[in-house]
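There are two complexes below, and they share chain A, which is joined by chain B in the first and by chain C in the second.
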Partner chain A sequence: MLTIKKFATIPSGSDLTALYRAEVGDYPKFFKMDTACKLGFLLAERLAEEPRFTPREDRAVLMFSTCGSLCNDRHYEASVREFPSPSLFVYTLPNIITGEIAIRNKYEGETSAYVLERFEPETFVALVEQAFQDAVTESAVCGWVDVRADDDFTAFAFLVERGGTGMELNKETIYGTVNQ
Partner chain B sequence: MKKVVVIGESILSPLGATPQENFEAVCRGESALRRYEGMFGVKEPFVASLMDRSLWQTEGRTFFDSVVIEAARRAVEAAGIDPASPRTAFVLSSIKGNIEHIDTQDVTLAASARRLADAFGNPNPAVVVSNACISGLAALLQGRRLLLGGGFDHVVVVGAEVQSRFIVTGFQSLKALSESTCKPFDAHRDGLNLGEAAAAVVLGFGDSGWELVDGAVRNDANHISGPSRTGEGSYKSLRYVLRNCTPDELAFVNVHGTSTLYNDEMESIAIDRAGLMDVPVNALKGTFGHTMGAAGILESILSMRAVDAGLVLPTRGFSELGVSRPVRVSPEMGKTDKKAFVKLLSGFGGVNGALLFRKGGAAC
Partner chain C sequence: MEQLINEIKLKLIDALNLDGMTPEDIDDNAPLFGDEGLGLDSIDVLELIVLLERNYGIRLGNPQEGKQVFQSIAVMADYVNANRTK
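Then we have the complex of A and B:
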């Protein structure tokens, strides 16, 4: 059985730099990230547990969205007309968000990015459960980070674990938690 | 546990319209890699393997959606399954999908996945796995997981990439492209070539044929656009899939082999750490270029064909070993009587993956 250990959310339009300064402050690479990665990074910070930064293979990072990297893709496409920007291009991948979270936290387990037509608790839960078919995975940061524009996004994430004492992970608990 | 096996496949590439045509072209040492000038409105010339856009273009669809649906249709036909059944699921693998139309259309991969499922009247939410350059491998693993998770009899896994100004200028800006044809694992390698292809596999349950035994995805947790110096994630992926298999049972490891300095060096380290120094290693990027979201599926299908024929495919472009670990790169066609192989890939975001395939009935 999978359970929900922690939940974090960031309202659309939030000032992410202000959140970073208030909650983190010691990771200048944050400023290079695109909006999706900033959101994923901040959510993963809130879900992180002590002791931190110890390499661990048993924690996966699974991120979901509809837009993928589309918002940053538009920024890169605009740069191509002048001078193609390598620093924008590396963020034109929906899975960079999982990489940024893995690097910060030394999560060496599975990292996967999925693109779905819409957020559906049933599909979300099924894909998370299937990821736990990996015998090494004991817990996972599972997030929905959908960036429609830099100031228009949906961002929340769960820390899910095998066993545990939290609420069982199912479509009702996901639906209830997200709509709180 | 029930076995997940391959029951249908297809490949559309510049070298052929079927898996067999592509396999024979690889055996003959062919490649469609050539130099393009002014293609896609890109100023700098580049070397790539591109499809003939008149061949599979469907009216009213983009070229990307056309090849995705055509590859799926051919694999579904080969497997003889009902694609409209609620017990059939679709998984799409791509990195940039319809990105060439970013100014005029909904280019999200989610929209392409919906059109894919709709083309077959399939009611299920189509899942897209977009895990950078390991997407195709990760999509095959997702297909296996969907089946084992229950509720489905068949999963159609489709991977495709078409090239565009967006992608070519991006790789040029990173200085990742070779000005000539790429040279996997070679001492004179100097970058990758981009490629186009669409490939599909239908997975189902069975006792015979090619089994997708297991797979793993692991992150280097090191850098978003450079591989780990110690091959961390690639090694850990290999270690996971080799839990129930000894190296002497493997016909070969079909590596990523992009021909960038760092990727190939990293893979050699991972192979060494995983105890696979005696296993032949080959790469297909010198034939097809880097087909991105299609690569994991395309290269797996051709590897299955090779083992079926008792062959280890050559590594086109390779002549002199140029990585620090003396891995056994196959420069020319070799023979094998082994019945299993490993497919290895790595990508941006620090992501790495390995799949283990085994021919039915073989010990592993």
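Then we have the complex of A and C:
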């Protein structure tokens, strides 16, 4: 059985730089990230546990959205008219959000980014359960980070673990936790 | 020189889209690349080369030269001061 160990959310329109300065402050690479990666990074920081930064293969990272990297794609497209920006280009892949989280935290398990038509707890749960089918994964950072614009987004994440004493991961608990 | 250092910081923040960063966040002598400093990587070198050419008329032809010039903001400022054509 999979259970929810921790939950984190960031309200739409939040000042992400202010959150970074208040909660983290020691990772200048944050400023390079696009909005989706900043959100994923901040959510993962809130879900992180001590000891930090110890390499671990048993923790996966799964991120979901409908928009993928569309918001940053637009920024990159705008830059192409003058000078195609390499620093924007690197964020034109939706899966970079999982990479940023994995690199920061030294999570060396599976990383997956899914672009779905809409948020469906059933699909979310099914894909998370699938990630636990191997013999290695014991926990996972699982997030929904959907950036419609830099100040308009939905962002929440769960730390899910095999076993544990938290609420069971299913579509009802996902609905309940997200809407509480 | 202090004015030039601040100017380069502002141009670097703009060129690399370091949204939310201020000049005060950048130590003049901290390495620009790698985890110890600003966290820039090889992708960002291209932006820095364009920054020098556009703003100061400096063309870097040799990649090894770039490695030297982009050690830190202070080193960049010294180089710009000695080689700028505009």
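Just a few scattered comments:
Just so we're on the same page, the second predicted complex is superposed on the first by the 180 of 180 C-alpha atoms of A that agree within 3 Å, B and C clash if a C-alpha of one lies under 4 Å from a C-alpha of the other, contacts with A are read in each partner's own complex, and residues count from 1 in each chain.
The criterion applied here is as follows: a residue touches a chain if its C-beta (ideal position, glycine included) is under 8 Å from a C-beta of that chain, and two chains touch if they have at least 3 such contacts.
The model shown is predicted, which means the values in this text are computed figures rather than measured ones.
Within the superposed three-chain model, A:Val80 lies in touch with chain B and out of touch with chain C [touch as defined at top].
In the superposed model, A:Val90 makes contact with both chain B and chain C. Touch criterion met: A:Glu129 reaches chain B, while chain C stays clear of it. Of the two partner chains, chain C is the only one touched by A:Pro28; chain B is not. Legend: residue contacts after superposition of the two complexes on their common chain; A:Tyr20 is shown touching chain C, with no touch to chain B.
By the touch criterion defined above, A:Glu138 lies against neither chain B nor chain C after alignment on the C-alpha atoms of chain A. Set side by side, chain B and chain C differ in how many residues of chain A they touch, and the one touching more is B. Residue contacts after overlaying the shared chain place A:Asp58 against neither chain B nor chain C.
Within chain A, the residues touched by chain B in the first complex and by chain C in the second are 85-86, 89-90. Of all the residues in chain B, the ones that touch chain A in their complex are 95-96, 99, 102-103, 107-111, 113-114, 125-132, 138, 142, 145-146, 148-149, 165-166, 169-174, 216-225, 232-233, 236, 240, 347-351.
Across the complex, chain C meets chain A through its residues 15-21, 25, 37-40, 43-44, 46-47, 50. Of all residues in chain A, those touching chain C in their complex are 16-17, 20, 27-29, 31-32, 75, 83, 85-90. The part of chain A that touches chain B in the complex is made up of residues 55, 57, 61, 66-68, 70, 73-74, 76-77, 80, 84-86, 89-90, 92-96, 98-100, 102-103, 105-118, 120, 123, 126-127, 129-131, 133-136.
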